[in-house]
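Down below are the structures I want you to see.
Both complexes below contain chain A, partnered by chain B and then by chain C.
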Partner chain A sequence: MPSPVGRSVGMIDADERVRGTVAYALNAELPGCLTGRILRSPHPHARLVRIDTARAEQLPGVIAILSRADIVDNPALYPYFGPVVRDQPVVALDKVRFVGDPVAAVAAVDDDTAQQALELIEVEYEPLPAVFDPEEALVPGAPILHETFPPQRGAMSADIVFNPSEGSNQLNHFKLRKGDVEAGFEQAHRIFEHTFRCPPVQHVPLEPHVAMALVEAGKVTVWSGTQTPHNIRAQLAEIFQLPLAQIRVIVHTLGGGYGSKCYTKLEPIGAVLAWKARRPVKIVLRREEDFLTVTKHQAVIHLRTGVDRDGRIVARKATNYFNAGAYADISPRLIKNGGYATAGPYRIPNVWVDSYAVYSNIVPAGAFRGYGVSQAAWAYESQMDMIAEALGYDPLEYRQMNVLHDGDTFATGEQVHDMHYRELLLADAQKAIDWRPGAEAWWQRASADGDRGAGSATVSHKRRGKAITCVIKGSVTPSTSSASCKLNEDGSLNVLTSSVEMGQGAKTVLAQLAAEAAGIPLEAITVSEPDTDSTPYDQQTSSSRTTYSMGTAVTLAVQDVKRQLVELAADQLEIGPDDLTCDEGTVRTRDGSRSLSYSDVVRRSRRGNLLGQGTFATSGGLDPETGQGIGSIHWHHAAAACEVEVDTETGKIEILRFHSSCFAGRVVNPRLAELQVEGSTLFGLGQSLFEEMLYDGGQLINANLSDYMIPSFKDLPGRLSVSVLEHPSAGEVHGIGETSVPPVMPCVANALYNAVGVRITELPLTPEKVLAGLARRSEAEA
Partner chain B sequence: MRVFFGMRDIDILEPRSVEEAVAALAQHGDEAKVIAGGTALVLMLKNQLVSPAYLISLGRVPGLDGVTYGAGVGLRLGALASIRQAETSAVVRQHCPTLAETFGKVANVRVRHAATVGGNVSEADYASDPPCVLVALRARAVALSPRGRREIPLTEFFRDFYETALAADELLTEIVVPEQPAGARQSYLKFVTRSSEDRPCIGACAWIDLDEAGVCRELRVTLGAVAGKPQEFAEAEALAAGQRLGPDLIGQVAQYYAEHIDPLSDARGSAWYRRRMAAVFVRRAIEQALGAGGEV
Partner chain C sequence: MKKTVRLRVNGLEQEVSVATHHTLLDVLRREFKLHSVREGCGIGMCGACTVLVEGKPVSSCLLLAALAAEKDVVTVEALGRQGLHPIQQAFVDHTAFQCSFCTPGFLLTTKALLEENPAPTPEQVKAYLAGNLCRCGSYMKIMDAVLDAARRLQPANANAT
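And now, the complex of A and B:
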């Protein structure tokens, strides 16, 4: 039977999507369900002096109000959560740490009543000095957000090294030490030092955060729009001090995630409120509250790079400050990925990275498509072009000269395989925009035709420029995915998985892989939604890992069933199992003389169904002192190429064409893969040009979609193209969900530079910054 | 109908005629707000920027959504006509294509279907597109109250940020765009600095009346989104009267605007930036109106 793998089959839930019948958690209902609303802190940092809920409780229709009074000294509840360090209280206990920090929650018969009740809660705060910038937060004497950590429960993920500096705002410190960086700088012919900054931005999934909870008969059930059902289960088990088996997390298809729905967000407050109300409670965040829940990390990256006489990079030292905001969330891990990534996809013998997660009084930062690598790539890919210019190299050739080859060692000291930068990614990118080596960089154009950009400019005040960038990105390692499946007696197959469908096509791709492994048509397969009572463990739907990790687990589960099928059929046909094959829903003797359909085998076995189980666990990890080891089970790589046109009178950048190349190893569904890469590109373009969360004294001032802009379809590049590249040597699937975000921002910045000679080191690349840069340049020239 | 919204109970009144609407407005005055498409007002209610006890919905008032042309009168845009209707209206396209295009530059097509012409003008947001074009076209707002009907030139209608000449008991019923002289041509440039669906960082309208010889009889230039209301400088416009609009003169006018506006700063651009953009877009708008290219 022809395998459905490698074919652009339509999404298996396409029909529901088009008809609008997808059962999002947003639309989930329970009889007697109350509406939950959250009261939030108006202060960036304050001591909670007094909270009085008496008046609010008297409002008719208010069923329960949750405040610290319910959880302090309550032996039934452990009041903290957080995927690494439990530092975030269900509701504020002694202080509030950012504008938006939950202080209390109301469960009421309807939204209006809940909202009115919020206004009746009296809170007295004693404002404390606050700090918002990660570098300022580390200065001695800065206001401290977490004086101590609460007593910890439970475990943290195996890959995380936790190095806090208690009594300071340093939440974690990732160290990477490869070679001898000082010796590297000593031997360097030239050394380049620059600082790059990027602001916090928001994920803006169409569906906001949602949680509905029911606490009944000693069991906690939560319906959540989450990317990490098993982590939610573990955290709720800690909070309620119940066995994992007593916590049930049910996940429906998400209306977008992009990392914002990783780890506990609304679930603790929702579940504890439901516990207090003794009724089901549902909380749906307003858009402005979504902005107060999680963001991408604001970052400052100081990059020092030494090169030898031939332009080869011999040493790099990076000091990265990631602004974690008020709570740890996943920052302790993210700074690792954003740390080793600062070496870029280049052969650098001596690398030293200090990557810090720093607490400050802004919205907590967490997972965001690109996961720390975007911040790192913004720095190193901008700097690559700056170095190339200083040394007189073509930017593309300079990358080709330094880029990793198969078998090289990466910054983590591990050998890397399946590296296809030179012959695949960079070549593809070059072709897509007709990059002519020696003629595209700003300084090359100056010497070539005297009038920079004239060749392709249409109108005199417009200048065009091109650029090519490339990045490397890891996937969380070690990690575990487990799947099971049921082969039913009609030959159909249920795949039970905790992978979350969030529009990326997880269900479709897993069905394709299951169909291939089982030798049955796609239509005979149903892929479950996560329900921790019945679907097996999966670490997370993130880190671009589902197709690879869960896909492998599903394949193993199906193979487990096939093994049983063959054994049963062997008995039924009285023949050795080695003489049987499975395909097209049929077990056949190798000579083809006899056969039984899967359905016959299951029926005859009288088992009702056959159960298969598969677990895929990767191993690896980095040394806590040196960051050396196995950083990623395999390395994801991508390149980007673009051409922009800059209006020199307004500073506005127009993206004429954009091409993203992403290496996928083996492609399961070409169209879905392309869509992931297209989506990543648009994500990156918004961040390149205008996305930015704006704060005024710790107050987020653009927490809505008129003041915070995301790209619309009208912002698409004139031409957008993507390549999802395969290589015969790579039998394996590589994740592609995020890899094409990080190269976008530096690609636009470098193209801008090549167009008009203006270097911007702080995102986004607003017209105003460009114009200011042009003004500075003409002043300098005058 | 009573709803709870923006932290208070609101009575929604649904008058069935203009007279009923005006009466309701007179009765509740300061306590009431008119609601048309609701695209602006609902956001204001949600953010508790306004908190009326009554909403007077125009949804069931007939006769306010026409878009017509009358010789000698000009274009009449009913207050309840949707922006999309004004954008696509054959008579607007024929008699004032720049105005139709301007309506087409508002927000996105979803908002344009819900938002009304009257709502856009009454909201008087500093970063709207149609107001500065309507000012340049010397349009008039027709207002109705128990005291009667009056016409307010749009040059006097916009007072400041979200402030108009409408009294609390006045209903805007239509916008009249007078017949334009045969030699008149216009352009409107909307410049956005963020997403293409954003409101303008700056909007520039040029209105030029040329005689047969190509000499400028009258120049009008209005700038939107740089201050509390559309900005127009008669002294600069006067420089052009009786002149040919060459690059130097255009540059002088543009420079005058750039120097004389008192630009605001917001997330779309600082005062520094807006001042520079004023110079660029005044020039480009004039060039575009002259048909000299000047694309944005």
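And now, the complex of A and C:
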């Protein structure tokens, strides 16, 4: 039967999506469920002197109030969580570390009562000096957020090297040492040194963080909108000191994630509040609270690049400061990906990277679509254009000259294969914007009016520019996905996985892969949602890994079932298993003379159903001192191309056309792949032009969708196109969920420069910065 | 303070007791269990809680429930009772969503648009739907779906007049 893989089948749950009946965690209900609300710190850094909940407790309708009194010295509860370092308390213990840090939580019969109760909790703080910038936070004498780390429990993920510096705000330090960087700079003809900055931004999933918890009969059950159900289970098992089997995490479809819903967020406070209330509790964050839960890392990147007389990059030294905010979350891993990524997709023999995660008194930063690579690419792709111009190269040709080829070594020392920058990605990007090598510099081009050939009397205030960028991105390695399946006696198949459906179409794509492996129609397949009581282990739905990793595990599980099916059919038909084939829901003898449907085989076997299981684990890892080793099971790559028009009177950048090229290896569902690349592109455009969390003395001042804008229909480029590229030599599926974000921001900045000669090194590219740059330019010219 | 109000939602009239400060969004979700109506921002900026009030798209997070009394309120649950509505079908056919949290708002705003302007240009679609945000960035496919829905509804509109 024709495989559904490679076809744009619609989402298998499309009907409920347009009927508005998707079972988001937001809609989860339990009888007697209470409303939970969180009291948050108004100070960026303060000692917690006194909390008095007596008045709030007396309010009718208040069932429970959780504060440090419930968890300090309570042998039943371990008070901390965190995916790498257990540094985040369920509620504040001795001090608060950012504006928004949870101090107490209320469970009440309704939202109004819970809200009123929050106002009756008295808290006395002793403000402490605070620090917000990652470089300032490392200066000796800076206020220290975590004087010591709490005692560690549980194993650290295999790929994370942990180099904290206790007694300072250095949370982790990733080191990469390839070749001899100093020798590289010595042989360099020119050395370029620049600093690039990007602000914290927020994911803004339209469904906020939600958790509902029930603690009864020694079992903890949590319904959560999370991308990492098994991590939540492990963390709750630590907090409640229960076996993993007694923690149940149930996840429905998410209303957007983009990394914000990775690792424990609301689940600990929700579950411990439910434990105290002895009733189910549900917490739904308000939009302003979602902004106080997790962000993309603010970053400062110092980049030093040496090139030889032929323009080849011979050495690069990068010092990256990632602002982790108040708690570690996944920063210890993210700085590794954001560290090695700073070499970019280029052949550089000598690379030295120091990448730091630094605590400061702002909202904790975590996984964000692009995962550290956006910050790195913002720096190196901006600098690529700066170097190309200084050396007199066309930016596209300069990239083609330095870009990785098959068999080259990446910064991590590993050989790279399946590299398609030159013939696929850059060629596709070039074509999309009609880039003419050698003729695209801003000073070579007339004004937009001139382009239109209008003999207009007034000089146009609009200038056009183009740019092309490319990036490389890894996927978390090593990692593990496990799947199982049940072939039922009517021939239908249940696929059980803990992959989270969050709009990327995971259920659809996994069903397509299962249908292909099983040789049954798509309609005969049902893909589960995660329920840690019944669905097997999966590390996480993130890192663009689901189609590849879970897809492989599902295929293995289906093959396991088919093996059993063939063995049973062989017995039933009294023939050797090697003489049988499976397709179209039927086991047939190779000569086609006899056959049994899958359904017949299962029924005759009297097994009820056939159970299959598959596990896919990748291996790799980097040396802790040199960062050399296997960074990623395979490398994701993408390019971007755009043309902008800059209004020199207002400073506004208009995106005339934008094209994203993403390498996918083998595409499972072209339309869903396109949707993700379009989504990544818009994510990048928002960050290019206006997204930025603004702080004033540690207070976030734009935590709402009026003051913090995300792209709307009006922000679509004049033309937006994407290519999801395959290559016959690449049988493997490549993740595409995130790879198209990082090339966007430097692409817009380089096009801006290409249009008006203004270089901006700090995102976002606001009209104010463009105008200031133009003013500096005219001063310099005058 | 509580008040009894008579709401007409998806054609059904029901008396509900609501606090005067509760929004239509609160009441539709809590009393009517209409979960297609979703809060995304709480301040009328994202359009995820859009409902039709007297045929016009309204952010239900900004409308006090008591002020919706005696008015016709329509949510996505009322569409496609017999098979999918042509707009819903167009969204399915073009996969005009990813996480689909925003989809009900887009469907209802599109319905209002196509009633006002049965053959909108892409620019008119952009302008009319600019108040509905899709963070997954499915706008290209939404545009395709809206223009396709307009074509699908053309004969029906012609018959009706």
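Just so we're on the same page, the second predicted complex is superposed on the first by the 765 of 782 C-alpha atoms of A that agree within 3 Å, B and C clash if a C-alpha of one lies under 4 Å from a C-alpha of the other, contacts with A are read in each partner's own complex, and residues count from 1 in each chain.
As a working rule, a residue touches a chain if its C-beta (ideal position, glycine included) is under 8 Å from a C-beta of that chain, and two chains touch if they have at least 3 such contacts.
The model shown is predicted, which means the values in this text are computed figures rather than measured ones.
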{"item": "Comparing the two partners chain B and chain C, which touches a greater set of residues in chain A", "value": "C"}
{"item": "Chain B versus chain C as contact partner of A:10, first or second or both or neither", "value": "second"}
{"item": "Contacts of A:768 with chain B and chain C, given as first, second, both or neither", "value": "first"}
{"item": "Partner chain in contact with A:168 - chain B first, chain C second, else both or neither", "value": "neither"}
{"item": "First (chain B), second (chain C), both or neither touched by A:20", "value": "second"}
{"item": "First (chain B), second (chain C), both or neither touched by A:652", "value": "first"}
{"item": "Chain B versus chain C as contact partner of A:694, first or second or both or neither", "value": "first"}
{"item": "First, second, both or neither for A:119, with chain B first and chain C second", "value": "first"}
{"item": "Contacts of A:678 with chain B and chain C, given as first, second, both or neither", "value": "second"}
{"item": "Partner chain in contact with A:323 - chain B first, chain C second, else both or neither", "value": "neither"}
{"item": "Common interface residues of chain A - those touching chain B in one complex and chain C in the other", "value": "112, 706, 710-712, 714"}
{"item": "Of all residues in chain B, those that touch chain A in their complex", "value": "4, 7, 43, 108, 191, 193-199, 201, 267, 269-270, 272-273, 276-277, 280, 293, 295"}
{"item": "Residues of chain A that touch chain B when the two form their complex", "value": "112, 115-116, 119, 459, 649-650, 652, 686, 689-690, 694, 701-702, 706-707, 709-712, 714-715, 766-768, 771"}
{"item": "Interface residues, chain C side, partner chain A - complex", "value": "19, 34-38, 40-43, 45-46, 48, 75-77, 79-80, 84, 88-89, 91-93, 95, 97-104, 107, 125-127, 129-133, 135-143"}
{"item": "Chain C-facing residues of chain A, complex", "value": "8, 10-11, 14-15, 17-22, 24, 26-27, 112, 203-207, 253-258, 286-287, 502-505, 671-672, 675-676, 678-683, 704-706, 710-714, 716, 720"}
